[in-house]
Amino acid sequence: MSILIDQNTRLIVQGITGREGTFHTEQMLAYGTNVVAGVTPGRSGQNVFGVPVYNTVKEAVEETNANATVLFVPAKYTAQGVMEAMQAGLKLILTISEHVPVQDMMKIHHFARKYQCRVIGPNSFGIISPGKAKAGFMAHKIFTPGSVAVMSRSATNCYETVFMMTNKGIGQSTCIGNGGDMIPGSSFVDLLPLLEEDVDTKVIVLIGEIGGSEEELAAEYIKQHVTKPVITLIAGKNAPKDTSMGHAGAIISPDGTGSAEIKEQRMQEAGALIAESTQHIVELLEEIL
Amino acid sequence: MSILIDQNTRLIVQGITGREGTFHTEQMLAYGTNVVAGVTPGRSGQNVFGVPVYNTVKEAVEETNANATVLFVPAKYTAQGVMEAMQAGLKLILTISEHVPVQDMMKIHHFARKYQCRVIGPNSFGIISPGKAKAGFMAHKIFTPGSVAVMSRSATNCYETVFMMTNKGIGQSTCIGNGGDMIPGSSFVDLLPLLEEDVDTKVIVLIGEIGGSEEELAAEYIKQHVTKPVITLIAGKNAPKDTSMGHAGAIISPDGTGSAEIKEQRMQEAGALIAESTQHIVELLEEIL
Amino acid sequence: MKLLEYKAKELFDKYGIRTPAGIVIDKLDKTNHALESREDSDLEGLSQKLENLDYPVVVKAQVQVGGRGKAGGVRFADTPEEARNICIQLLHSNLKGFIVKELLIVKKVSGIKEWYVSITLDRGNKVPMIIFSSHGGVDIEETAITDPDKIVKIGIDPFIGIEDHIVHYIIDKSDIGMAYFDEMNDLLKKLYRVFIESDCLLAEINPLIVTEDHQIIAADGKVDIDDSALFRQQDILAFRDKLQEDPLILDARKFRLLYIPINPEGDIAVMSNGSGMIMSCIDLITKKSMSVGAALDLGGGCTADRIYEGIRILLSNPRIKTLFISIFGGITRCDEVANGVSQAVKHLDSSKTIVIRIEGTNKEEGLKIIEGIQGNIISVDSIREGVKVLYDLQISNNSSVS
Amino acid sequence: MKLLEYKAKELFDKYGIRTPAGIVIDKLDKTNHALESREDSDLEGLSQKLENLDYPVVVKAQVQVGGRGKAGGVRFADTPEEARNICIQLLHSNLKGFIVKELLIVKKVSGIKEWYVSITLDRGNKVPMIIFSSHGGVDIEETAITDPDKIVKIGIDPFIGIEDHIVHYIIDKSDIGMAYFDEMNDLLKKLYRVFIESDCLLAEINPLIVTEDHQIIAADGKVDIDDSALFRQQDILAFRDKLQEDPLILDARKFRLLYIPINPEGDIAVMSNGSGMIMSCIDLITKKSMSVGAALDLGGGCTADRIYEGIRILLSNPRIKTLFISIFGGITRCDEVANGVSQAVKHLDSSKTIVIRIEGTNKEEGLKIIEGIQGNIISVDSIREGVKVLYDLQISNNSSVS
C-alpha cells in the first residue's frame, strides 16, 4: 500500500502538449504511471506518446475514467485549471507551477473544501510512491520502495534526504511535495491521517521550514493522533525576519510568527525527533529502523 | 434522546425584537427552550423577556456559547442572516420565512456545505422535540413525547397528522419542518441518517409532496441504509402540471418530473408504507406500534 | 412568473444577446380604438411604424399560451400592407381564450441551422444548468425523448460561473465545431448573466438560429422569473400587471391570498391555511371521483375580513357549487375563520354550500360562531368526514338534476 | 512588494478612501539638479508647487525604511518657505542608508483620535483578516503586546466579503460607538476592495485619524502586494522600478535569479537550485559560528551562462570571501553548473574561494569539468563536508589575518 498515488491511479496531465507537460508525461510513463489522458483546450484528437488529448477535463474523465490530475500549466492559469478539474469531479489534483497568486490559492483552498477534493501544491514536485507510480517532475531515480513516508515543503531538501536514504538502503513508501507557497493546497496536517493509517508506512519524515504555522498544527495533530515515529527538520533557523527566502511561504513575520524556534519547540513537545540537517534525518532513521 | 433540538440546545433568535420574533421567543421560553440570546442590529443592550439582545450573531455566540439559531426575519434578509450565522460558527440554523428567493437559497446551500452546517427551512415551522424544546413557530400543544419522528415539507399536513397521533396516544421523538421551497436547506435524505441512529425513534413518518426529487433520493437512501419502518404520504397527486400549488417547491415540471406517482413508486420499492391521507398515516402507525 | 416573448427579447437585448430587429405594437390607444370600431382611417400610427421595418417580417401575437403558431398567432408578411392586414386581424382577436393585446413584429431570420439553448435551475444539484442541443426548433421536446444524446446538459457552479471549459464541453459534446467558440462563449455568458441577475428559473432560447454567415440569433425566448425575488426585480414586477392573468388570481392577490386554478371543469373549491393541506384535500376529493375547480391558500394568521374576501372570490366562479374549508389553526385562529365565514354566508347564493372543518387554536369559540350561522353551511370534524359530506352532496345534486 | 507611502495613498485615493490632500515631489529634474548644485535660483518649480498647498503641512521622505520619523524624515512646516527649506534639506539626503528621491507633502490633519486598521492575509485560515484598534498611531505594536484586548481581529470569507455584521462586530468590540457605522462601513468596504483587487498581502492604515467633525482620514498607509500576482497588476509592476532596491537584487532579477541579502556583515555566500537547500546550508553554516552575507536561488533547470552571472553577482559584493555552491540536480544538470563555474573562475579575484558540491543529474560529467578547472575552487561531496571546508577556510583566513 501507498497513499494517494499507486498502480490504480488513472492520471490526467493538464497542459500535456506544453514543453514541460510533454517531457514529464514521457518520464511518468517510463516510470510506469498510468497516464490515461491529457488535456489542452483546442488540441482534442491529438495524442502525446500514445496518450489521448481532450479539450476539457470533464471529457477526459468521462472517456477514460481518470481519478487524478497533474497540472503542467503556467502559474497564471493554474487556478483556472484546478477549478476545472474540481468541477469535473477529480478528487486528487497536483499542481506544479511556482508563483501562483496567493488569492488564487485562497480561492482554490475554499473550493477544495466544498468539492471535497485534495489539492497538492502549488510549487510542488508532485507525489511519488516508489516502484508504483509518480505524478510530478521529481528525479525518480533517487527513490526506492520502502517504509518511510516523506512530506516536504522544499523539493531540494527532500531530494537530498531521499538520496541519502536510498544510499543507506532506506526506502520510501510515498514522498509528497507540499510546495513552498503561502497557501498550499494541502498542508502536513491534511496528509498525516493518511500516513498514520497507511500500513506500509513505519516512519514519517516531515521537512518543514519557516513561515506560516503548518508545522505547529502538524505538531498538535501528531501529539493527539499519530502513533508512528516522526522525524522533522525545520529549515530556515537563521533566516532574517520579514524576508522571503525564495519560497513565497518561507518568511518570518515582523512580529516573529513563523519562526523555526517555535516550530521545533512544538514538534519536540509532540514527541517528534528533531533533525539538525538532512543528513541527520537519515542518521535518526538508521537508529529507529 | 432526540435529534437536533433538546434541553442542551442554546438557542439564538435572530430578529428577536420584531413582532414575530418577540411573540415566538415568549412561546419558546414557555415551552422550556433555552433561548440564550437574541440578535437585532442596533439593539444591543436591550432584552426580550429577559433574553439579552446583541448586534451580531458572533457576539451572541461569544457571550452565551449558543449552538443553534432560528431566524424570524423577512425573506429578503434571510440569506444575509443565515450567512452571518454560518460565519459565526453555528452548525444548526433554522429559517422560517416563506418566499426566500431561489438564488439566495442556492447560495446558502453551497455555503452550508462549505461551513459544514445544517440549515433547516426556509418556509419551515421549525423543529420540536416534544417535552424538551422547540425552535420555530409550531403550535406546540398538539405535540406529545414519544417514539415517532415526523419530517414534513408541509406544516399543515404535519400538524394534522401529529394532532391525530397525539389523540391516539402516539407520541413524537422529533418533528421537523423541511419547508416547502424549491431549494430547502436540508432535505429528507440529509436528515434520515440522524433518525436512523436516534435510539428514541422507532418509526419514521415522511410527509412529502410533488415537485423536485427529494422523496426519490430519500427512497434510495431508505432502501440502502434505513432499518426502521418508514411511513410516507405524498401530497399533490391530483395537482395540475406546471402550476405551483402554493409552496414554491410543489410544482410538477411540464415534462412530468416531480410527479407523485414516481415518488410513491420509489418509496414503495424502498419498502416504505404508502399512506393515502394524514389519517391513514395514523392508522398505519397504530398497526405498527 | 413567465414573461411574454417581447419582454424576454427586451431582456436579451439589454444584455447584448443578438435578437432579430423588430417592434412591439402595444400602447397604440388610437389604433386600438380604431380597430375596435374598424375605422381604417385612424390606423396611421400603425402604418407608419410598419413602413420602417425590414421585410419580410414575422408578426407574433403576444399571449401566454402553448401552440400559438398552430392557432394562427404567428404569421409572415412580405410588405407593410400585408403586415398591416395581419395586425388588424390579430389585434384584439381571441387566441385560445386570450385577447391579443400586443404584437411583436420582427425581421424574418433565415438560417442554416436551428439550435436550442436554455439555462434552468437544477433542483437536485442546486445549480444553474445549461441545456444545449444542435437539434433545436419546434421538435426539441421530441428530440429529448427519442434522441437524448443530442441534448447536452452541464451544471454551473454558481460561485464560479461559466468558464471556457464549459463552452468547450458543450461544443465538443454537441459536435457543432470549435469555429463557433467565440459566438457560443459570448452568448452563454450573457444568457447566464440574464439568468442570475434577473433571478430566473428558466432562460430559454429556441430556436437559436445560425445564419449563413455563422452568426447566432435568439429568434424566440422564454423567461420564467422567481416570484419570490420580484421585490428586487422592480422592472419585471411592474410588467406583471400587463400579463393577462385569471382575474380571480389578481383579485386574490390584492388581499394577499393565493388563488390556484385547478380543473376548469371542477365544481368544488378548497380553501385552507396551507398548501400542504390544500393538496391533501384535493387528493382525497379527487379519489372519490369528484373534481376540484380551484383552491385558495390563506397562508398563516388570516383575519376574518380576508377570509370573507377569499370565500367571495372562490364562489364568484359560477362553476363552483361547493366550498370545502379546512383549517388547522396554529397562527390562524378558528374564531377569525368562523367570523369570516359568517359574514360570507350572508351573501351566499342559495345554490352553493360551504362545508367547514376547523381544528386548533380557538376551535371552541369558532364552533360556537359556526353553530349560530343561518344558511347552507355544514360543519364537520375531520377532512375525511368533510370529503364524505362533499360526496353525499354530489350524489344528491346529481340525482336532483337528473 | 511593499509600496512607498505615496503610492499607497494613490491607491487609496483611487478607491475613494479619504486621505489628506497633498502633492508628490519627484521627477523635478531641474529641481534635483539645482539641489545637487545647491543653486537656489533654479528651484522655482518647487516653490510654485508649494505655494498652492493648504498649511500647515507635513513633509515626508519616501523611503522604504522603519523609524523614518525618528530619523528626521517626517517634518512639519507652517509656511511655503519653511516647506521649501525642509524639501531642500531632505531631497537627495541620506536617510538610514537610502537616498531620498521623493517627498510626499500633505496637509497636516489634526484629529481627536488615532485608530489603526489593516487587512492582511490570515495564512492559517486562508482568509483576509481585518485588524482594528481604537488605540492606533505609533504605539500600535506596543498595544498589541501590552493590551491585546484593544485589538479586534476578524476573518472575512472571501466569497462573501464584508457584510454589515462584520462592521457592527468591529464597532462593538472596539467600543468606538455606532455613530461611526457609516464611515467605518464605507472605509472597510473600500479597503477590502483595495486588498482584493490589487492582490495585497497587507493593506494598512495607521494612523486612521478621526477629525473633530467625526470624519475618518487615512493619514498614512502601508501596502504590500503579492509578487506572484504582479502580472495582473501592471500599474504596480511599472512602479517597482522606482523602488530603491539592492542593485544586486535588480541585477539578479535581469537573469531571472533571486538574490537574497542575509546578514550585512556576513562573508560567505550560498548558491543553490532551491530555497529549501539554501536555508539548510545557511542553518549549518551559522551553526558553526560563520555568517552568510547573501544567497542566490537559481531555481530549476538553470543554464551555464545564468550560473556564471549568478556567481558574478554574488562575488561582486566585496564583503563576500567564500561562495558555497550546493546543487542537487533534478531538472538542473550538474554539467551545466560546472560549465558556469568554470567560466566564472576565470574572472575570480584571487582573495575569493568557491566551494562546490554537486549531486544528481549528470554528476559525473560535472565532476570531470570541475576537476579540469584551474583556480580557487574546492570540490566536496556533501553539504556537511562543504561546511567543514568553509570552517577550515575561515580558521586559516583568520589566522593569516591575525
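When the chains are written out, they are named A, B, C and D in that same order, and each has its own residue count from 1.
In this text, a contact is a pair of C-beta atoms (placed from the backbone, for glycine too) under 8 Å apart; a residue touches a chain by one contact, two chains touch by 3 or more.
From a predicted model like this one, the values you see are computed outputs, not experimental measurements.
Undergrad: Please give the intersection of the contact partners of subunit A with those of subunit B.
TA: Common neighbours, subunit A/subunit B: C, D.
Undergrad: Using only Cα atoms to place each chain's centre, name the chain farthest from subunit D.
TA: Between subunit D and the rest, the longest centre separation is with C.
Undergrad: For the interfaces A-D and A-C, which has the higher count of C-beta pairs in contact?
TA: Between A-C and A-D, contacts are more numerous in A-D.
Undergrad: Roughly how far is subunit B from subunit C, going centre to centre by Cα mean, in whole Å?
TA: Inter-chain centre distance comes to 29 Å.
Undergrad: Can you check how far apart subunit A and subunit C are, centre to centre, with Cα atoms defining each centre and the answer in Å?
TA: Between these chains, centre-to-centre, one finds 55 Å.
Undergrad: Once you find the CA centre of subunit C and the CA centre of subunit D, what distance in Å lies between them?
TA: So the centre of subunit C lies 63 Å away from the centre of subunit D.
Undergrad: Mind pulling the subunit D residues that touch 2 or more other chains?
TA: Expected reply: 157, 159.
Undergrad: Going by the contact rule already set, what residues in subunit A reach two or more other chains?
TA: Residue numbers touching two or more other chains: 110.
Undergrad: Viewed as a graph of touching chains, is the assembly arranged as a line, ring, star, complete set, or other?
TA: Drawn as a graph, the chains match no named shape, so other.
Undergrad: If you go through all the chains, which pairs of them touch?
TA: Going through each pair of chains, those in contact are A-B, A-C, A-D, B-C, B-D.
Undergrad: Sort out for me which residues of subunit B touch subunit A in the complex.
TA: Result: residues 110, 113-114 of subunit B touch subunit A.
Undergrad: What residues of subunit A sit close enough to touch subunit C in their complex?
TA: It comes out as residues 41-42, 44, 54-59, 80, 83-84, 87, 111.
Undergrad: Enumerate the contact residues on subunit C facing subunit A in the complex.
TA: Those residues of subunit C that touch subunit A are 154, 157, 159-160, 163-165, 168-169, 172-173, 178.
Undergrad: Once bound in the complex, which stretches of subunit A touch subunit D?
TA: The contact residues of subunit A facing subunit D are 75-76, 98-107, 109-110, 125, 137-139, 142, 152-160, 163, 180, 182-183, 207, 209-213, 217, 233, 235-240, 243-250, 255, 276-279.
Undergrad: Going by the contact rule at the top, pick out the subunit D residues touching subunit A in the complex.
TA: Interface residues on the subunit D side: 121, 123-124, 126-127, 141, 144, 157-159, 196, 199, 201, 226-229, 231-232, 258, 260-263, 272-280, 282-287, 292, 295, 297, 299, 328-331, 359-361, 382-384.
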